[in-house]
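We just call them A, B, C and D in the order they show up, numbering each chain from 1.
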Amino acid sequence: MCTAIGYLTENFYFGRTLDNDVSYGEEVVVTPRRAPLVFRNLPAAERHYAFIGTACISDGMPLYYDAVNEKGLCAAGLNFAGNAVYAPPQAGKKNLAQFELLPCLLGSCASVRQAVAFLRGAHITNQAYNADMPPAQLHWIIADRREAVVLECTRGGMKIYPDPVGVLTNNPPFPVQMFKLGEFVGLSPREPRSTFSPRMRLRSPGRGMGAYGLPGDLSSPSRFVRAAFARENAVSGAGEAESVSQFFHMLDFVSQPRGCCAVGEKYEVTLYASCCNADTGVYYYTTYENRTPVAVDMRREDLESSRPARYPFVRTMTVVRAN
Amino acid sequence: MCTAIGYLTENFYFGRTLDNDVSYGEEVVVTPRRAPLVFRNLPAAERHYAFIGTACISDGMPLYYDAVNEKGLCAAGLNFAGNAVYAPPQAGKKNLAQFELLPCLLGSCASVRQAVAFLRGAHITNQAYNADMPPAQLHWIIADRREAVVLECTRGGMKIYPDPVGVLTNNPPFPVQMFKLGEFVGLSPREPRSTFSPRMRLRSPGRGMGAYGLPGDLSSPSRFVRAAFARENAVSGAGEAESVSQFFHMLDFVSQPRGCCAVGEKYEVTLYASCCNADTGVYYYTTYENRTPVAVDMRREDLESSRPARYPFVRTMTVVRAN
Amino acid sequence: MCTAIGYLTENFYFGRTLDNDVSYGEEVVVTPRRAPLVFRNLPAAERHYAFIGTACISDGMPLYYDAVNEKGLCAAGLNFAGNAVYAPPQAGKKNLAQFELLPCLLGSCASVRQAVAFLRGAHITNQAYNADMPPAQLHWIIADRREAVVLECTRGGMKIYPDPVGVLTNNPPFPVQMFKLGEFVGLSPREPRSTFSPRMRLRSPGRGMGAYGLPGDLSSPSRFVRAAFARENAVSGAGEAESVSQFFHMLDFVSQPRGCCAVGEKYEVTLYASCCNADTGVYYYTTYENRTPVAVDMRREDLESSRPARYPFVRTMTVVRAN
Amino acid sequence: MCTAIGYLTENFYFGRTLDNDVSYGEEVVVTPRRAPLVFRNLPAAERHYAFIGTACISDGMPLYYDAVNEKGLCAAGLNFAGNAVYAPPQAGKKNLAQFELLPCLLGSCASVRQAVAFLRGAHITNQAYNADMPPAQLHWIIADRREAVVLECTRGGMKIYPDPVGVLTNNPPFPVQMFKLGEFVGLSPREPRSTFSPRMRLRSPGRGMGAYGLPGDLSSPSRFVRAAFARENAVSGAGEAESVSQFFHMLDFVSQPRGCCAVGEKYEVTLYASCCNADTGVYYYTTYENRTPVAVDMRREDLESSRPARYPFVRTMTVVRAN
């Protein structure tokens, strides 16, 4: 499954993990301003905002998992299997196929506010990308440095929720995640005060009892709580290295070591983790095999080009030899 | 605090995290065979096994936190404050100051079995390294590819426990940790079977429920359970890169992002994480700031030298630029 | 707050706890067949099924908390504050004031199936009983020996859910309760199998580890899990005494000792617990002060009467003196 | 298994639950002052303090599970299987067979202080009561209105621990129970304050979140935490009825409904629960089948008699019929 986080220091950082038992050939792709964005039901965008993110390329077209545009708008699609419901196109609406959402929003909107306005009249459809690829069941987090929202299409229709913790994982639907988060309202990074007994002081078992009660498994609700807790309480310097370092530590906090979470005969692992500086357009990622951040800088590409730039994932471990 | 783990694939790997709010200038130090090991109460060792590990240097002498010798014997000292009790030297015993334990064992023993035999008549003393440095309150894990033991000196005397999970954290004493681990006997990486009701099948909230019930905070007992679970269920290739990668993922599983665990006005973070291939003597470490493993190869040093080789920690983030 | 349970042995038993910090003068009331049932928007029922339950009497009219009719249909209203939404009467619908629901259903329906059919065209209104008594924010469990449903009116409208565990507590809405219940799918009354490690047998801390992981606080979701677990796994004889005894033990499992759950300056306690044999119409209750079941037998009343029979709660402790 | 609690209002109350899958014919037995107390290794007590409690009678001799003497000293033996170790008699010590502990202490000591003084030179032996009855593996809580202690004989020898929470259950040894209790230091009956995030207020899921985090299963450590929490936070009137009522509610909080805890093919249930007013010597008990307290008043017996008075348990449900 997956976890997405936004994090604000001096710049705004946005990224996610993708947990799965199998990889589909992810790469970092920069879509420049003149790369044509063609839609099933809407007019093509000839010139649009450039964006960078992780995608897999299918028939030459990047299908983005998460991306950030040159205005600092960020979006990621996360697994929402069993709850996501998309309908056929409806006359009189801005019909948008599920797989078109990210390029459409990032190509045309400069902020969450604009994205939300755009989505008000939109209708997410169940149109397939091609015959082999049924629509992925996803929900989305859309964020900029000011705010974050979650977009969900369920049996009850399309909903947009403000996301006060700037985090998204998978099932259940977002309102239930927030309800469950409330159960942990009393958690704190501080040593617990001794409140067990009104008449005596109980002895804590030792230092480091902060966050006691935090769930530790890898289910989606538990990762939601963990990511929210790590983000809300994160402490780091404001510079690039310190921010990126802290961001990856937060993702480590919800990452999956191989063997801890079995799905059938395989194991989910954190295939990749990403962190994009939404202000500079530098996109960092790590893979399960390679802990070292690899950086792709959107602004070092020709953003007026019409051809996406592709950087296949580096998956071999980088080691620095000291002797 | 800290977490130590041993992990066997084709080779045996041993390492640990060190969590604290302040660093003391750690570096990787190789102690070659002829570097003199001087002891307070025992004869000096003129020639001994070489070993490599993380130490801070005080008055020219490396005080090791964790180390591995050329025979593959591994040891680490972990915080045991409040429980560790050392006594003054006793006549008629092999008196060993607390800070001499690691060099003495690693210099002279080729296996856990030899270390245990050596320790049978030993007496760990409360002699201070110098006036500024009272004896650290520690307990120790000693491991090789065949077995692991834990050594604790408490009010009840010195005890050596077999450590079936090959893991050590901090308080409480090891037997209590193992008792507590038993509470989690029913955890599994697999999806839970529906056993709630004998007459109907309850619906699980979604895939990825493996390990449900695992604690997620950063207290020592919780890290013990998490490290043991990750290690017992670890799945990786047997090669060097895959083993080291898996090892650091296990350590990530017990690592502390800054902000989640407050101690007073500061925060514990995982200052460093290490992973040593006990068969080849290559020692890898990462720091909070630098995710990329830095490797020091003991066998690239002159092991017949009399001077320790020092490699101060690299603490700046390594980033690979793709464009 | 409250917990309601249905339990089937030879007969069907239905009851609930009511947890609050203050009592409103509850009593057991039998409404016989000719006691007029007057409704705000529907024609009065001159003759109807008789029913028995706990009510408080306001202006001579019993306002039922829970009741069972002579056909074995059972219903209880439970606090649903913050989620319950009732609307004004709507033309063209069977408008039913919130406080009329229990007498209306129990007076006219002989089964859950009939109740559900009746409710299909119904509309629960926000009409107040009187000026001093705004509509209580409730949701309802309706049960007979074959099935149970939950009725909720929220912002999303009126919904009827099948209730496979035959239990209801308070917030959150029923679908979220069931989702959360799924988190406990792996609980079992049996000793956990040792699945922690694929390569060794961990030692369980002792006998009696059944249900390990069951939450123990008194929040509504925790009581839901506890009540469902106790009910699904209940083992008892089929006779009256054994069934009633088991029923009260299940309610004890979700009951509140004074002091454990503070609300403001007061404490919630289990003001009363009830258990009605839906087949015989014998209604048992206990209060916080009086552990001994007090029984009122509906069929010992004149059920063709037009006047309710009232049995104010016995609240003093019954003790049997053996010497 | 079992749970014992002491509770002080105007008088001091002491009692326990006994959880098992099979009953051994318990009864309330008053041992008057002149009933001879014969010991294996010590001189018989011809006249001693009278005491009352639950016992099973074997060969005419009451073997007490829990009892209270006329001076207000209370004691109970609780299952400690796997940890209890008794040794053969030792020359030069006050040897006391395991089954003699309760009558010996209650017959001769007027306070915990006296009991502790007596025990200082004592040695608990493994002498069997008879050939069919090996020594039960127990540990003991000894309490009066001022203090409580726990007595344990393990491989490490005999230990007496002050018990600040006045509670005892079963395994693990008492120091480990207290260590584990410390994990719950931050629990409180109050609604949790919103400390999850330093920058925003998370919404709690509803009222009644006091005690959130309390374990709910029936294992010995969980019952220890639950009983301690209920006792430390108990709120009741000071009179007899209110105190006894509150006491039984605290015991309900750790009681076992049949079906929730399987041991082999059977189920543990709370066979009996007791509450003795240590100041007046009135002993109340309930059984799994009979919720109504049955009272035996020690002072209504001839305490100068030499014959124990026996009151076999009433096990049929008492119901008060209101019509």
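Things worth noting here:
As a convention for this text, a contact is a pair of C-beta atoms (placed from the backbone, for glycine too) under 8 Å apart; a residue touches a chain by one contact, two chains touch by 3 or more.
Keep in mind that this is a model prediction, so the values were computed, not measured.
Farthest chain from chain D (centres taken as the mean of C-alpha atoms): A.
Looking at A-D and B-D side by side, the one with more C-beta contacts is A-D.
One finds 34 Å separating the Cα centroids of chain C and chain D.
Averaged C-alpha coordinates give centres for chain A and chain D that are 55 Å from one another. Chain B and chain D have Cα centroids lying 43 Å from one another. Among the residues of chain B, those touching two or more other chains are numbered 172, 179-180, 183, 190, 205, 209, 212-213, 219, 221, 229, 233. If the chains shown are joined wherever they touch, the resulting network links each chain directly to all the rest. Contacts from chain A toward chain D in the complex involve residues 164-165, 178-188, 190, 192-200, 202-205, 209, 212-213, 228-229, 232-233. Across the interface of their complex, chain B is touched by residues 156, 172, 176, 179-180, 183, 219, 221 of chain D. Chain A makes touch with chain B in their complex at residues 1, 19, 28, 81-82, 170-172, 189-191, 205-222, 226, 229-230, 233-236, 241-242, 244-246, 248-250, 252-253, 255, 257-263, 267-269, 284, 286, 288-297, 300-301, 309, 311, 314, 316-323.
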